[in-house]
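What follows is a group of structures, each given as structure tokens.
Look for chain A in each of the two complexes below; its partner is chain B in the first and chain C in the second.
Right, the complex of A and B next:
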């Protein structure tokens, strides 16, 4: 997708579709899944997701996957397994011999393609340990999930993988500004890694992570990583904006129980394939901002010129900004457009000139053709 | 080999430029005792032609490095150090002028026909300024810009003050390839006049609201300024109008330029830089996309109350239409667009000032784009082996790359005391961000808030692109703490 015109001098890019890395951010917010449990329990959602992951891995030899859980108290990698966690989960495995045995059984199943089995087992194990270590305290402390953290993890993982996949390109990723440089200075890339992020989201309000999520969106935009959103429950403007800004797919299924269908139809094609497909998109995206004072969505807001906080009314206490406490005045914000002074009627002057040289109008009239 | 060394040296030199800039602007911000410090700190910088001779010296230092450590390690450290040099040296959250009004003045005098940049200075400048305009509006979406040109003694207006990057880029392109086939392309001609340029820029910026910055960025290739009057009067007028001038020179430093810059930047000369080659020109241009630090207003200046303002802005929703309708901004038929939240006029693109009711219309994402200037991510600290052992970190939090093994304790303590000292230094300097960013011996970099360890690549990515710390955000408590501490710093 990043092919550059006019630079295919020596290095011919391969004809095969580029490997694609899919980073899935799975929102494991227990509150929200509890709401959904009647239609789509977490277990069946995860099994649908595993089928989808297998489909993604199967559609390309070099395709890769990363799964990140955004939980209530932490965001963690489900796949690949962090090594610090392996020791922990092994310890857990020893205690709960049940889980460990099950996993081994799945691995040894001769009817299963081994890479699929490995991915499945790791994801299930990690998810299991994540859920078992969740305490009531964590649940009561916050009703939302750490999407910002999970997105940041996904992006830095993708950045590193891209770097490893095409080391030629290091210069560009090292210095993001140089990515904008003219094509002459850009090296012809080797097969680049196309990456995308899929957020399976169930939580509603994410306003508390506005800035981190926004930063992630801009980073994704810059790296040309589309963020796809599958919104099973709840509604957030923030994620709509994310998919809109990065050119991703936004789907809010009416029947969440058909999760697998939605995943396969809308989210399986990678960036290369999407160019020749008609992808679903959210028609009108709500771009209205939420004010910082009451979290009210506003059409017309009042913005502090120092820290860009948005307020819903111009009447702030003592005229001080609530975020940066600088003194604000509404009056001075008005741009002083230069007023046009109406042109003076020249009648009087001309009259004077006329009177100074009586009868001069005729000679002037006759002289014009001479000048012309 | 020699080639790459040379490149490395150049890298170092432009970083020095930028470094000077940042550190001295902080000094200007703190206000007190600026001048004395600078005098001590600034030894004369080596010019480009002098550096090539010191290649020998660099290779020597590399060789020495190799001798006292293992070969592999020192090369890796060199590489990481080079990468980290690009990081901002100062991440204290300053108040920055987010709403900028910039006049970009291009030199279109005959000095621009010099061929020291390929194919010549003029074409190079045109090419880079287009890129610059795009990046400028990426970074400063709610800012305004105007482009002027110094051509044959006069100052011509290339584009009007507006917030639409496409207009400016088209206008700059139009200098070389006019859209109207009857126009002749503007070739560099005659002498430039700094005074005319400043006067026109001053007039352009005269009506801009007081809460925004007024900046003039001059790309100046020639070695003279042919002025019709007393330029010092113009400089005084610029100071009175709070205009900050920065000059990017191309050939040599000029006294008049440094005087203009010093006077309009409250005694700070770091905004005057000279590009010795085209890469440096590009970097210097792009360095000005970061919003400038706001200085505390002096007593003589305009009262502080008018510098901050509450701006009324509209956040319109996008409309989708089947039948094309007329847009208010261009008067052409378009399908879809945005409707003004106050008067419901339809405009094609954002951000824009509503043509019918003068309300500033933008997306909340435009505002959010500037947040990372206001809340920069603090630089991460180098991790000594001792610290790494304490934390027992084995892999990068962000990308799960495995770190090099922590060596055994006894081998380490006998090894080098200097390293241990480094660790102590780090502890002392914990609160201070502005230290030089160096490579870490253990290839780990630690976020000071959440104490997670990252690899060099994630360090670069997070600070230059993402502006988030994945470690802080992946935990509930450190994240909220970090947020509140940032807020505190912001107010302080």
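Right, the complex of A and C next:
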């Protein structure tokens, strides 16, 4: 009789972990991959990634995946294929219609679990077309990659899927705006879709995208979406901050050729599993910001008192802030401060007792070398 | 891991090692077991070890887990060991390290990469079928067959036998199976449902399918079929695609024989008994996936977001014990009438009341309060599902109280462990049993503990003996 009290009431707390959506941002910067080709060519990286994707799909019945390529001149979905490109791939996996004979054979391979085959086929097709569409003109224009755009694509896809995953489907479809508006309060009542983003990054020096990437990071932080970083090459201040701010995993493999093992061990456990696992993180994080005027990572900067924009030099045109156009005379600030500044540098948020100054050890924006 | 697959897991755990080894030869089986049988953390462990070159030292494994995740780790490892997926080894320095069984690892890698020539994910029929059937037809077929079975069981108890509403009868084989599984008993030519039968009827469809299939498996040897063959065929069915026809030419004789029985359950569809192809129905393809995961349909593009074989969520219960069920299905009404005093019936709605009388009557028939509650919860109307918990707490408590009035003593079969030599030995074992979830009762003063399963404990004791002295 004593068993009947409030604690006993929930008959069976749902033991099934919530479905998890993994959005992978794959950096396909040709310059960087060419640089890596001796240790880890793109083809083997992609095949490792495909096995990892299959493993993720197998880890939960309702698990989903999205793959986005961040290329030099644009960010593109690799999976799911944007609907304008396919001849409607719906329902019973009838995607073979556009794959021709060859696609058919691959999909009907009795040695392969069909959902895996479909995902794999689409990713490879889309990656192929993305690479064939790339011209020299695109390559010479920039040595880096559009990670900011890819991140926002991933975030918007996650937001959409989270809405779609709600069990109160009818309510959302009747009035999607109201659901959006009070998404904070509604959240507790839905079966939550736990999402995370994995960025497989090979390019360095993303400082020129400081603002869009930072905005995406804050959006992810607010939505509690961890951003995991797998840094195969290059070093960026920015992505470290991304994983640190969102509570994601940061791994910079010493041996990129063992990519699959890194993926399986550090990146496969989803948010539910991570509660009981110790996950690798960035350690000493470099918190320096990039200035808004030249997109350079700065140790000391000047901050607009109205909009908090950061500038690297006190010489602003007309003494107006570049972002908000309010009057901002930095020359006086510079002269009024004697030799005190270098000692104070900047307020650093530190983790634990780690005392190594990251600013000193990290090379400033080691950019991706131009290849060929 | 859902309630339905946990039954299958329990069955699998009890199989001997040889059977497991044989089962793990098929990548589809390995993938299915991985996908739906393993606890969540066990999946992480397996995947981390899958491409590891050497064994995984237990020290490293401990370091990987947070201190408060220790309980989950023990549970995951014990399931993995029981299923013969990982092997704990001791080297000369008494360091334990784990590694995956070779066969399992090999098959899982094949399943993930799609290599090999095992053809275990079903061979689609190459010929164009002139009378290809649609998914809606398959759903309808599966629903009809399955409801016939349920109705056969429930019908007699609620006094609907002989009524011509559900015309077709079910096959002799199915009837025999239901009797063999102790779901129904036949006395004087009258079919009446048993206590296990009630448990069966009140489960979710997916769990029902598994319960019936497990009975089928247990009786497979008597029918001259090999257990492994049957199991791997079932797991293969779970990985097939709905609406696709598959050829029967690659199946073994056992599997062909099974196909006949399964089509009687509505799990597969064949146009005729001699047909060269078969279609898996929704009952089959959801065997190894979660029926409860509503979101899976809308998310994965490979599944058509259509209604399930049983309509989800139609029951509303108010705090005044009134119950409204938006259904016109005779079966649902029959099930409801087992524990509800139904009063009114409209074309699409029945209403009634949960009363002390109706609940105690159900309890006397052998239905437990938790079965009633789980039935009501799993069929709660979407409007009810907005509340947390779904059902009004007063109703839940009252149903339980009504049941408890009749029974004051609870029995559990198990093992009493006593006469521990030292306090630390006792503490150690108690905490281990607790983390496995088998500890039922303990008395610290007398150093007594009671567990409901002993296999893991005795293994642990043996290991500790080796290590300790």
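The criterion applied here is as follows: the second predicted complex is superposed on the first by the 242 of 372 C-alpha atoms of A that agree within 3 Å, B and C clash if a C-alpha of one lies under 4 Å from a C-alpha of the other, contacts with A are read in each partner's own complex, and residues count from 1 in each chain.
In the analysis below, a contact is a pair of C-beta atoms (placed from the backbone, for glycine too) under 8 Å apart; a residue touches a chain by one contact, two chains touch by 3 or more.
Quick caveat: nothing in here was measured; it's all calculated off a predicted structure.
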{"item": "More chain A residues in contact [chain B versus chain C]", "value": "B"}
{"item": "Touching partner for A:80 - first (chain B), second (chain C), both, neither", "value": "both"}
{"item": "Chain B versus chain C as contact partner of A:141, first or second or both or neither", "value": "first"}
{"item": "First (chain B), second (chain C), both or neither touched by A:110", "value": "second"}
{"item": "Contacts of A:276 with chain B and chain C, given as first, second, both or neither", "value": "second"}
{"item": "Chain B versus chain C as contact partner of A:161, first or second or both or neither", "value": "both"}
{"item": "Touching partner for A:218 - first (chain B), second (chain C), both, neither", "value": "first"}
{"item": "On chain A, the residue positions that both chain B and chain C contact, one per complex", "value": "80, 161"}
{"item": "Touch list for chain B against partner chain A, complex", "value": "83, 86, 95, 98-99, 127, 131, 134-135, 207-212, 282, 286, 294, 304-306, 308-320, 341-342, 358-359, 363-365, 367-372, 374-375, 393-402, 455, 457-458, 460-462, 464-470, 472-476, 479, 487, 490-491"}
{"item": "Residues of chain C that touch chain A when the two form their complex", "value": "1-3, 27-28, 31, 34-36, 40-41, 43-44, 47-48, 50-52, 63-66, 68-69, 72-73, 110-124, 135, 239-244, 288-290, 292-296, 298-302, 304, 370, 373-374, 377, 382, 385-386, 388-389, 393, 396-397, 400-401, 404, 408"}
{"item": "Residues on chain A engaged by chain C in the complex (per definition of touch)", "value": "1, 4, 6, 9-12, 15-17, 19, 21, 51, 54-55, 58-62, 64, 80, 89-93, 108-118, 120, 161, 164-165, 167-170, 188-189, 191, 193, 260-261, 264-265, 268-269, 272-273, 275-278"}
{"item": "Residue numbers on chain A that touch chain B, as the complex places them", "value": "72-77, 80, 82-84, 138, 141-142, 146, 148-150, 152-153, 155-157, 159-161, 163, 173-177, 180-182, 209-212, 214-219, 222-223, 241, 245, 283-290, 298-308, 310-311, 314, 316, 319, 321, 323-330, 332-338"}
